[in-house]
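Both of the next two complexes hold subunit A, though its partner changes from subunit B to subunit C.
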Partner chain A sequence: MRNSFIKPRVKTLISPEFKLLFFFFSITLGMLLTSYTFLKVKAVMYESNIAELQAKGETLKTDIISMNGEITFIEIEKQHAEGIYTSNTVLKESIHNLFDLVPQRITLSKADLKEDELVLYGITPSKEVYEFLLLAPLRSIFHRSYTSYYAMDNGWYSFVSKNYLDRELAVQ
Partner chain B sequence: MKFHISRQMIYILSLSVVFLIVVFVFAFAVLIPMGKEYRVARMETKKVAYHVDLIQSEYDKVYGKLKNLKADNRHVIGAYTTIFNADRFAKVHAQHFESFSLSELSTPVQEGDFATYEVNTSTLINSPQGFYDFLDAVNKSDNIVSVNFPIHFERDANLIKSSFTMHVYAANQQENNASQE
Partner chain C sequence: MKLSNLIKNLYQQVFIGIVVQNTQVKVCVQMLKGKKLEKEVLKSFDISQAKPSSELNSFVKKYMDESPFSYVSVLNDSITQGALPTCSMHEAESFSDLGSCVTLCNDDNWMVYSEKSELNALQKRFSVTGLDFIFSPFLLLSSFFADKLDGKASLLVLIQDDFLSLSVFCEGKLLFAQHYNMTDAVEDESLSEEMDESTEESLGFDLDDEDSLSINLDDIDALDELDALDDLDNLDELDDLDELDDIEDFEESLNDAVEESEIALEEAKSKHESKIDNFSDEYKHFQLIQGALNQFYADDKYNNQFVEDVYIANTSEEGQDLVKFLEEELFVSVFKRHIYLEKEIALLSIQEAKQ
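Take a look at the complex of A and B:
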């Protein structure tokens, strides 16, 4: 037997108003948490980037120091090598000039070249030929020149010419 | 007029207030500091990136300079690191002489950044031109070699006997490493 003309309302644990409220609450909380997560992830990413960049910077700095060392050493090598090449060339020119200096009438038998000293052994038809043709140019190059003559059987002279450069005078 | 608020409405209002408080607390205690941290991290990244860019451009400049220097001085760099081979040296330069002999290399002497070996040489030449050619060729050889005084020339029939000392230079690797450090 029915005591009412209307159908009974279905009773739920949570009413539609509460559901709506929870729905908005969830949306808001979701947005807040998403924002927090975004910021947190980005901050962590930036921090990790900073660490990577700093490590890269340190590596680059070390490489720069190492390369600068290498550059310095190559420049030292270059300078040293150029000095040696120049000294070889100067030596060649000096010997070339020395042999060009000797006239055809004088024959050299021996030559000793030292840094500040030149000793020539040879034969000359006469003392005058030696003095005019070889001693004069030698005197213009060296500071001191001493010559010893030895008469030969054929009338020629063998000579020993010692020539010295004085460093102190050369510097002045 | 009687103002009636239902119990459900009270619950909803209370919940809303609690929620509002939670949102404010979360925003001020967590979200805003996190935003600040993010902003600081972003600024710091930009600053470090700019600094690293400067270092990178300095690196590129130094690298370019080193690369050019190495390219321009390839022969010199190689010559300082090539081990002196007396047989090969004699073979290469024998063309300038009638006879060419080298003594054993001396023990090295340290001269600053370089180790210097001494080698005595005796030769027979037709004319001084052979010696000049040798001096030109020695500057292009595989090693850094200097011809030093004393030099002795002596007539020997139609030939000229000569003897001289050469210095062979090698890069001192330890010095090199030390200078790099």
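Take a look at the complex of A and C:
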């Protein structure tokens, strides 16, 4: 049974001043928590990025090692190629020099050129022509020269000339 | 027990009862912890135009700040208020127009009402501190004399400085109620005229009867001679008088005597006037009670019964003459009790806050 003409005001333990204080503290706390969460998320993201970058770094290191291997291999290949090129050039020049050695009167039918060995097949009008015009320069180049003659029907001689370079003597 | 009540009991609760009177506001502060009364403060403040002073507001605020569970309650001082012997709005229409009133049903058989605008004005007056409860003087009266309601027809009267509220209860049911504003009653010319005639007779003294005063003016023979002294200027014989200095001395002594007598007269008058004021208030109360009872007996709608006992709750210690009047004139048994309204309001607010 109500005895009062009006209803009492609502009573709360929290006063308006405390509510205001609580509100501002909540906002401050909220901002701090938001900042903390933001920084935490960022830190996690950075950590994740660091891990990714570290993995990437490792991959790159592996790649670098493999590429270094490839580079070394390529350099070796290059050196090898250069060696081949040089030897080819030398060979070419040797062949060129060889053909320059062969006089007009002698005709070569085959030439086997090896590293320390040269085998020539051809025909010559006479043994003297061969000996004076071709054997003499060959003897100046090679350490040993052996020539075999075969008489032909027309009076000419087919010859086989084997010339050797001695490696030990060449080094000396 | 509800959780809110449990929390309330853990905290200190502050109940502030306020009674607004014509010249002052009485405040009672009761501080409870659980059911134990820890502190009680009673204080009065002077006011003007029934508005709470800043001193009162700061006093109330100080105690309100003591606890989150503080309740400010005030006695309704609206002029348009009363009580009716029904809770049915339809039946209440035969007694009064309650269109603009707030009503409260009590015990499902009687209601108190008050003008809504006056309640709003009361709340506005206390807007600084705010109000939690506004109590009707009729509810307070029925609560104060709760043990007297169940018997035969009894008249309960609450006398305040500015208001007089009366109600007739029979076997716990309200039969009749009236609320009077004493400041309006003072303006009633016929009442004051009657009062002037009868009071002087009843009290057995007369202001004109100078024997009753502390100094009898007749005893001062020289007063009559004062007028004669005024004529002395026109007398030729004056020059012949050798005792002129004696006359001047005599005149001075006469003037002193007159001044003394005037002061004594004023004192005597004020003394009797205060006596008359008290008496007139009590006679006014008697006349209002007599008039209300006449109305109660005369109107059939009040289901009238003969009132044998009158219980008076008076905020002042006076009232012996009223008791005498009622017993001699109306042949009723009168019981008078002093009431500390502000304290009763605080107690009512404690009960109300429990609900």
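Going forward, the second predicted complex is superposed on the first by the 99 of 172 C-alpha atoms of A that agree within 3 Å, B and C clash if a C-alpha of one lies under 4 Å from a C-alpha of the other, contacts with A are read in each partner's own complex, and residues count from 1 in each chain.
FYI, contacts are C-beta pairs under 8 Å (C-beta built on N, C-alpha and C of every residue); 3 or more make two chains touch, one makes a residue touch a chain.
What you see is a predicted model, and the numbers here were worked out from it, not measured in a lab.
**Q** Between subunit B (first) and subunit C (second), which does A:Met152 come into contact with in this model arrangement: first, second, both, or neither?
**A** After superposing on A, A:Met152 lies clear of both subunit B and subunit C.
**Q** According to the stated criteria, A:Ile27 is in contact with first (subunit B), second (subunit C), both, or neither; which is it?
**A** A:Ile27 contacts neither subunit B nor subunit C.
**Q** Counting touched residues of subunit A, say whether subunit B or subunit C comes out ahead.
**A** B
**Q** After superposition on the shared chain, which partner residues are touched by A:Thr12: those of subunit B (first), subunit C (second), both, or neither?
**A** second
**Q** Quick one: classify A:Asn3 as touching subunit B (first), subunit C (second), both or neither.
**A** A:Asn3 contacts subunit C only, not subunit B.
**Q** Considering only the touch criterion stated at the top, classify A:Ala136 as touching first (subunit B), second (subunit C), both, or neither.
**A** neither
**Q** Based on the A-chain superposition described above, do subunit B and subunit C contact any of the same residues on subunit A, and if so which?
**A** 15
**Q** Hey, which residues of subunit C end up touching subunit A in the complex?
**A** For this pair, the touching residues of subunit C are 7, 11, 68-71, 73, 76, 102, 104-107, 114, 119, 123, 130-136, 139, 143, 348-349, 351-353, 355.
**Q** For subunit A, which residues count as touching subunit B in their complex?
**A** 15, 17-18, 21, 25, 28-29, 32, 35-36, 39-40, 42-43, 46-47, 49-50, 53-54, 56-57, 60-61, 63-78, 80-81, 84-85, 87-89, 91-92, 95-96, 99, 107-115
**Q** Would you pull the subunit B residues touching subunit A in the complex into a rising list?
**A** Subunit B residues touching subunit A: 8, 11-12, 15-16, 19, 23, 26-27, 30-31, 34-35, 37-38, 41-42, 44-45, 48-49, 51-52, 55-56, 58-59, 62-63, 65-66, 69-70, 73, 76-77, 79-80, 113-114, 128, 131-132, 135-136, 138-139, 144-147, 149-155, 169, 171, 175-176, 179-181.
**Q** Within the complex, which stretch of subunit A touches subunit C?
**A** Touch residues, subunit A against subunit C: 1-6, 8-9, 11-15.
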